[in-house]
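Please go over the structures that come below.
There are two complexes below, and they share chain A, which is joined by chain B in the first and by chain C in the second.
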Partner chain A sequence: MAGAAGPGTGPVAAGGDGDDSLYPIAVLIDELRNEDVQLRLNSIKKLSTIALALGVERTRTELLPFLTDTIYDEDEVLLALAEQLGNFTGLVGGPDFAHCLLPPLESLATVEETVVRDKAVESLRQISQEHTPIALEAHFVPLVKRLASGDWFTSRTSACGLFSVCYPRASNAVKAEIRQHFRSLCSDDTPMVRRAAASKLGEFAKVLELDSVKSEIVPLFTNLASDEQDSVRLLAVEACVSIAQLLSQEDLEALVMPTLRQAAEDKSWRVRYMVADKFSELQKAVGPKITLNDLIPAFQNLLKDCEAEVRAAAAHKVKELCENLPPEGRETIIMNQILPFIKELVSDTNQHVKSALASVIMGLSTILGKENTIEHLLPLFLAQLKDECPEVRLNIISNLDCVNEVIGIRQLSQSLLPAIVELAEDAKWRVRLAIIEYMPLLAGQLGVQFFDEKLNSLCMAWLVDHVYAIREAATNNLMKLVKKFGTEWAQNTIVPKVLVMASDPNYLHRMTTLFCINALSEACGQEITTKQMLPIVLKMAGDQVANVRFNVAKSLQKIGPILDTDALQEEVKPILQKLGQDEDVDVKYFAQEALSAVAQRLRKLDFPAKDSEEPSAPGADKNHFLRPRGPGEDTGKFVPLMSRHTQSERLGWFPRRQ
Partner chain B sequence: MSADIISTVEFNYSGDLLATGDKGGRVVIFQREQENKSRPHSRGEYNVYSTFQSHEPEFDYLKSLEIEEKINKIRWLPQQNAAHFLLSTNDKTIKLWKISERDKRAEGYNLKDEDGRLRDPFRITALRVPKLKPMDLMVEASPRRIFANAHTYHINSISVNSDHETYLSADDLRINLWHLEITDRSFNIVDIKPVNMEELTEVITAAEFHPHQCNVFVYSSSKGTVRLCDMRSSALCDRHSKFFEEPEDPSSRSFFSEIISSISDVKFSHSGRYMMTRDYLSVKVWDLNMESRPVETHQVHEYLRSKLCSLYENDCIFDKFECCWSGSDSAIMTGSYNNFFRMFDRNTRRDVTLEASRENSKPRASLKPRKVCTGGKRKKDEISVDSLDFNKKILHTAWHPAENIIAVAATNNLYIFQDKVN
Partner chain C sequence: MSSSSPPVGAASAAISASEKVDGFTRKSVRKAQRQKRSQGSSQFRSQGSQAELHPLPQLKDATSNEQQELFCQKLQQCCILFDFMDSVSDLKSKEIKRATLNELVEYVSTNRGVIVESAYSDIVKMISANIFRTLPPSDNPDFDPEEDEPTLEASWPHIQLVYEFFLRFLESPDFQPSIAKRYIDQKFVQQLLELFDSEDPRERDFLKTVLHRIYGKFLGLRAFIRKQINNIFLRFIYETEHFNGVAELLEILGSIINGFALPLKAEHKQFLMKVLIPMHTAKGLALFHAQLAYCVVQFLEKDTTLTEPVIRGLLKFWPKTCSQKEVMFLGEIEEILDVIEPTQFKKIEEPLFKQISKCVSSSHFQVAERALYFWNNEYILSLIEENIDKILPIMFGSLYKISKEHWNPTIVALVYNVLKTLMEMNGKLFDDLTGSYKAERQREKKKELEREELWKKLEELKLKKALEKQNSAYNMHSILSNTSDE
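Right, the complex of A and B next:
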């Protein structure tokens, strides 16, 4: 058994004279070099256990030197190592020895993988706080200087993130040196380093004395904002937000605004995009006066920019911009200076711009009030509801609640209906799926009468859609509607139509009946379920298609908890027993599953005392139809192109043109 | 062995490493020997540093297409730490490789002794932490990222941007922009695919980023033109900002005009002021500020103009010759047939034909200029056009970024020549 045992599965009985508590640790140490990445990773994640067993002395003199040279490993191992070391101060002997952690983190701060470097920098920042002021100058500051003057740009980029943590605690002489190092990184030869410096400029400015901000940071900012590479310039826009917060209005106007104005008109669309994207932050940072004088005109230009990406980014910010305007005079500014440009965007040539606008425009109605909304916004909404691009219409429909509060949805209903019907019948199933998800919301706002007259038939039509995802969403939709409108409504309008489908010639439609029953039974309650649904389900047990039959078994299991003992005993059980003898293996399997569930339920009902232990019936299945959605996460590094990916994926991204 | 045929040659930014790719999907990296007092001649010698299989043959089951493993291009990344990185691509997939050195090894296990025998787990009385011991230098090549599924057609070019974070890849009809750290998405920045493929009249043959201006790139086409695009003006670069084209001379128009005017390679000068294009018979230097005609035109093998018919028949007319600049931009080099390659000095306007062959040159001996006889009486040392070997073609060459050292790929042989050191 020796050797074969993994960590945690040490010798069962102590034999010999060894200390068996060492065994798991010995395995962990050996596995730091295992060929299997997963085992190495596992060991690294338990590094604190190893360090604890070794004691502070050996951790400092043996473990850390070994780890310092382990930078050949896979990224995920290095990432875990960088993270562990940030919390290692206690394990090397406390703050007095925190500097022992610097060498391994220093080598991790030079690897090529950005995530690892960033994590190493994060841990270094954490550890810097644990240094005494003396240790900081003796160990930490020299490390920062070494990184800042390193041969490779990876080390210099890492240095950029460390200045702001050591500056506040350094002596004046050292502070001057730190500023000097930062200055030189801002004019580094490699754009990578200038970008890193630009992205840390705001953070560094915050810890500097106000005089130094004015005399040193502002010139650096101006230089970076006019860098030859647009990838550097666009990061200066971000720094602008932090710097603006530090300066008085006067200084702001004199020192920062010329650069910001220039950025808003930069030759490169990526820089203008960044200004549009950061607009709300900029607006807050510069205050209301400069906003009115400078930012509003700049925003107007961004709204009619020649590049669609920029217009779309600006359109996204319309609502926030308006919200953040000072309340007095807000209405006039919006009506005179913003709305005319918005009107243009409603008929933009680019669909992404239109859909960006459609996703926020409804929010303006609460700001502008009833009259303005009816007079000025309503025509725009109506035009957007008729837009050729489904995404625009969907975005309007999905935000109806904002308008509902202000003018009531009736104003829109005439145009709304054709728009909904068209989306409901769109050739793309994803569009149909999207509109289905808004149905409960629409139903709530339009009221039961309007719904019955105009929308009910759509909801029923989706049940026989040829795409399964639509049928599935449609059943789920019915359940939500029943919750909204109540069981009586369900009994009169929904249930009969659903049950009719049980004798449809298409077996897929017959199965939809079962799926609907699964979804509706809980919302409809015991009476409807027992009297109307159960007989149909039971009848379908004789269906000639096996898929229908095993779904009958599944349905019976599902609705079992809602039924009373009599129905279970007298009706459900015999049918399940019969299905349990079915010639089809799947039917047999699901029938037996259901049977045992039903039997359990019957037993419980016989001993009601135990009932309390049971989790309250079928709640666990409530989320049955919900599935995870949304775009994958991104690292947010590819600025601003990255945001193009997430916000308007089809624009410029190659599948658009296959 | 056709798998050994070299398909690309590229020096890194310092010139200390030279990478070659071949038809078999392998990448071989050569390292320049450091100056050595005991062996004075070894300076400038390049020895194999690392060899690895970059691409394997694949089969696209959806399109029923074989994907060759042949390395179409290699591009080095600017050095960012002690390791070296390069991009290699075949027709469809681009890979980022890390080439790193290791000279230390950890020693000492808890559960095994020095000879690898297991220790009795019950007799562990103390913990051992592994210790690092020096070992022989080991060079490792590891794949870091794979950029796949973005090209419907064959990738002909990759080029790293001067912003150090993006690169482009071009196929016959499209150019995509990638972030070096993001593999699952790229931007399509140029698309010349017509709605109806029957209206297709030209394809993209090569593309390259400007060496200093991160927003500028060029791409050449099969019609002999080059388009320069500015990524600042728009996210989609379907509209060019400059268009380089030389008006055709109507007197020399023939059936082959269009084929031989197709540009097989485009390269910016190191200064970024000029670019060079290679077509079948000539190499042209363009000033970026003048779109109407090239500032220099050098004939590579004008004597082949009379042989175009047979070159068409044996498909040689479709050969894609590459070209390169010297480190100072004062000279240019490109290949020809019969293992000949041509160098043009831009200042003196002198040119020379040299031969890369084992038979006609010895190590450390100077190369003799070669001459091709065009009609009339053949002089001594001249070779007649009819006896040129069209199977021995030099398509790929590279010039050291700082010194006069060149690498010439002649089918499956790599020749490295350097300026005479006195």
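Right, the complex of A and C next:
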């Protein structure tokens, strides 16, 4: 950001300020010593401002030493500092002076809190790139070495992340030293350090010469992969992906595969899980031949692992694994070596496993083609559609489009229906919500007749669901269906049912009618709106619940553009004027909003504007969004309670997963 | 074999119809389901079909010559493991093993001279084979130890007896650490420590006693055990935030710290400052706070000079948003103040009472109440009185403010009492502070304004600089583009 400030502009800027220049550092020091963490944090976040004000030279000679000396603070402040320093090169005078930033970052890289340390390492990595090769050897590499031989584990952990950035640009002698340090960290006696080293092993291998990879990295890898702690071993699996990419097939077979085979059968499920989780990456890294010989059998074992976690992770990878197999012979391999295991998983005892499989299994149909799908996969889909766990069924239905491409959805429709009906009534509203979202897609694929017979009643039932989010989604769903099936269909099947709800004893259902009208009017067009919907809306203006009344006002505003001038002038306006005098403030407010919108529309339609008494105060528009609605404004009436109710229904449940 | 996890779907489907209140099954219902579940372990995967056990003759019926031989045979027999997730398989063999284990427990605890040198290897082998296993994944990924019921170990009927046997073995008068150390070595202890992550509290309780005995009997393993616990804690704090056995390990440490020789080694001080204190930041502090506070106080009783760094450490990690934890911190501070030396108190009174003054004015009444309870503590009261000149000015502002505006009447009443006590300690200072209260507030406000002003000026300076630079960059740019145009 301040990279443009070369050494040239620095002195000029710093020199010109006179007394002013004393000022920033004084503020900073004052603020950094403040008792309030927030203030200390603020001043640290403005560090670049201060540095800029000071100029590069004084930043180097005063600010940085000050920061280095005062590093003892709340972790939050340190985190901000570590982050800031990463972008400071320009502010200290460019690459030639980048090394000035190392001392404070070095201290930050040794603190206890992981977040701070990681950020310091990230900044150090960034800065390392800005060093000249000479400066790198003179300043950066010694820092890495100091960290690598630190007393407390934190500094050694941080060092692990710095080897790979300085190695490529170091001279051969220094390279040897760096490798030596890395080696010793890989066998550190603190597991935290070994974990850090294991997690950087792949990254480090990539910057090493091939010979060193073979002679040094591979033994380290083998050691880490047989570490006594499973948390270390599982990280070695990750490194395996990077290392495998570097080696020839022959070396791979000799140097890496024995370890990988062992990892796939590790006694700790965490390691096996990792193998399953990284399977696609591993598959790509080792190439097709080893995949066939080694990985497929390993994968079979993972699919029937005794831990559900491992099986689920493997099940997730089924599709990717199949996709990545070489095209020739792929079908046979899948049919003979993978499918039998998948069949077992369909009736697994664990729902997470089944659900993981259900989320990818449909993808196999495109790979295997129509015949195989019908013969082998379809029975599995059907079984999963009848699964006792809603998530499994949902995952199948969400991926119907894959099968649709291959065999058409008709094949499935008979089994589909019971599954859909059950999901539509599932106890979890998120499941219901998800199935609603697939309705338009299903409707399109199944056709009007099928839909009317089987699914229409479901769609209407959702309108009276007890969860607002479902009612809302159901409303939108209707609109999409009307767009798909046309207005005539809407008039015959949907609209009458919606309008009946206008006289429901439950005010929430009455409001749903209004919401439906809002959503449907545009798709239904002027005639249906004027003749069928409008009378109902107008009738509801006399509702006893204020929420219904102000929603009438909102609906009238919403459908206004669809109505003709007669209806607006003769029917809508009088009602809105009446609502404008309502005893409830919210009703009044929305009625006035709507009135001004209607008036505007009438003017646009070139109607003589006689409505000077219209309360279209200029302020009304401005207030529209600001106006607090609901709580506190009224005394114990229905309105505030209601607006809180709809909100809490959504917000209250939201953070809770299923 | 895919039978290690119980079917979940069936149960949830069964309740879904009747419990469809609002899409959410009531927590009690979900809990009830979970309670029934128990976990297996990953240890059966490599064993093929089980060998069937055949009952051996009773030990008490054997002649003393044969007894030793039979004892070892029984130990070997008990190395065979059974799948407890499958409740119908191998019933006969399971029963035989259970009876044999019972017999073994009985045998080592009632007979003398049966733990001979040659038996150690078989004994330790049998224990290892049964208890050392990779703990299975938790059934409930967001397991909340405070709320949820733990998943119980399915093979407990056998494992319990193995632990029982292990304890009797360790506690037997015949037990000789010098022989046992060949088998109970670092690797053994390492595996034992990993088991502390077990979700089953019954198992952790046994482990606690076992490890305590081992620590007591194997001098050579002590440093190693401490170091490994150290690593487990560091991993818990900085990496996983999850480990079920923290409270148990702390309990053992409590007794270990108690026995530290004076002066304390650097290693122990480091453990206090770099492990125990940061441990206060953990999310599930409530689960082990009592044990943790006990350890901290143990340290301070050993070496009072640690008081200052400990209190500063606690202040550094003082909870900002979690009131429940804040109450725990206050409790721990009180425990520390109970044992503090007056000279140490002087060193930390200022930062400490600044924090207490914040707590007292917390809008969460439990926090405020807990802090105000300090004034019921005789010893603390005497410390305050001795240093009233320092403490009153720090506390006065908040106390005065709350007495006027706290929402909770109990707190207001408590504050009045505290103010009264403080007034009695130094009436003159109290009057002075009351007098200057307003002026003080105004000065603070003014300072606030000045600060804003400062930052504004700084911002301007930056803008000016940025502008200059932009200009020069622009000039540079136009020069460059001119040349490239040509």
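Going forward, the second predicted complex is superposed on the first by the 523 of 658 C-alpha atoms of A that agree within 3 Å, B and C clash if a C-alpha of one lies under 4 Å from a C-alpha of the other, contacts with A are read in each partner's own complex, and residues count from 1 in each chain.
Simple rule for what comes next: a contact is a pair of C-beta atoms (placed from the backbone, for glycine too) under 8 Å apart; a residue touches a chain by one contact, two chains touch by 3 or more.
Just so it is clear, the model here is predicted, and its values are computed rather than measured.
*Asks:* Just to be sure I read the superposition right, which of the two partners does A:D230 touch: chain B = first, chain C = second, or both, or neither?
*Replies:* Touch status of A:D230: both partners.
*Asks:* If you stack the two complexes on chain A, which partner ends up touching A:W152: first (chain B), second (chain C), both, or neither?
*Replies:* both
*Asks:* Touching A:R311, do we find chain B (first), chain C (second), both, or neither?
*Replies:* In the superposed model, A:R311 contacts chain C only, not chain B.
*Asks:* For A:Y468, using the defined touch cut-off, is the partner it touches chain B, chain C, both, or neither? Pick first, second, both or neither.
*Replies:* Touch status of A:Y468: no partner.
*Asks:* May I ask you to decide whether A:C389 touches chain B, chain C, both, or neither, giving the answer as first, second, both or neither?
*Replies:* The second partner, chain C, only.
*Asks:* Look at A:E35 in the shared chain and tell me whether it touches chain B only, chain C only, both, or neither; answer first, second, both or neither.
*Replies:* So A:E35 only meets chain C here.
*Asks:* With both complexes overlaid on chain A, does A:T114 touch chain B (first), chain C (second), both or neither?
*Replies:* Both partners, chain B and chain C.
*Asks:* When the two structures are overlaid on chain A, which partner does A:W429 contact: first (chain B), second (chain C), both, or neither?
*Replies:* In the superposition, A:W429 touches chain C alone.
*Asks:* I'd like to know which partner A:T190 touches here: chain B for first, chain C for second, both or neither.
*Replies:* Touch partners of A:T190: chain B and chain C.
*Asks:* Which residues would you name on chain A as touching chain B in one complex and chain C in the other?
*Replies:* 2, 5, 17, 20, 23, 27, 53, 112, 114, 152-153, 190-192, 195, 228, 230-231, 267-270, 306-309, 653, 656
*Asks:* Spell out the part of chain A that touches chain C in their complex, as residue ranges.
*Replies:* Residue positions touching the partner: 2, 4-5, 9, 13, 17, 20, 23-24, 27, 31, 35, 39, 46, 49-50, 52-53, 74, 112-114, 152-153, 190-192, 195, 228, 230-231, 267-270, 304-309, 311, 344, 348-351, 354, 387-389, 426-430, 432, 466-467, 653, 656.
*Asks:* Note which residues of chain C are touching chain A in the complex, please.
*Replies:* By the definition above, chain C touches chain A via 1-10, 12-13, 16-17, 19-20, 22-25, 42, 44-46, 134, 136-137, 187, 190, 231, 234-235, 238-239, 274, 278, 316, 354, 451, 454-455, 457-459, 461-462, 465-466, 468-469, 472-473.
*Asks:* Please give the residue numbers of chain A that touch chain B in the complex, ascending.
*Replies:* Chain A reaches chain B through residues 2-3, 5, 10-11, 14-20, 22-23, 25-27, 29-30, 32-33, 53-54, 58, 62-63, 65-66, 69-70, 72, 110-112, 114, 152-155, 190-192, 195, 228-231, 267-270, 306-309, 635, 637-638, 641-642, 644-645, 651-654, 656-658.
*Asks:* Taking the complex as given, what residues does chain B use to touch chain A?
*Replies:* The contact residues of chain B facing chain A are 78-83, 85, 98, 100, 102, 104, 106, 109-112, 118-132, 140, 144, 150, 152, 162-165, 174, 176-177, 179, 181-182, 185-189, 191, 193, 212-215, 231-236.
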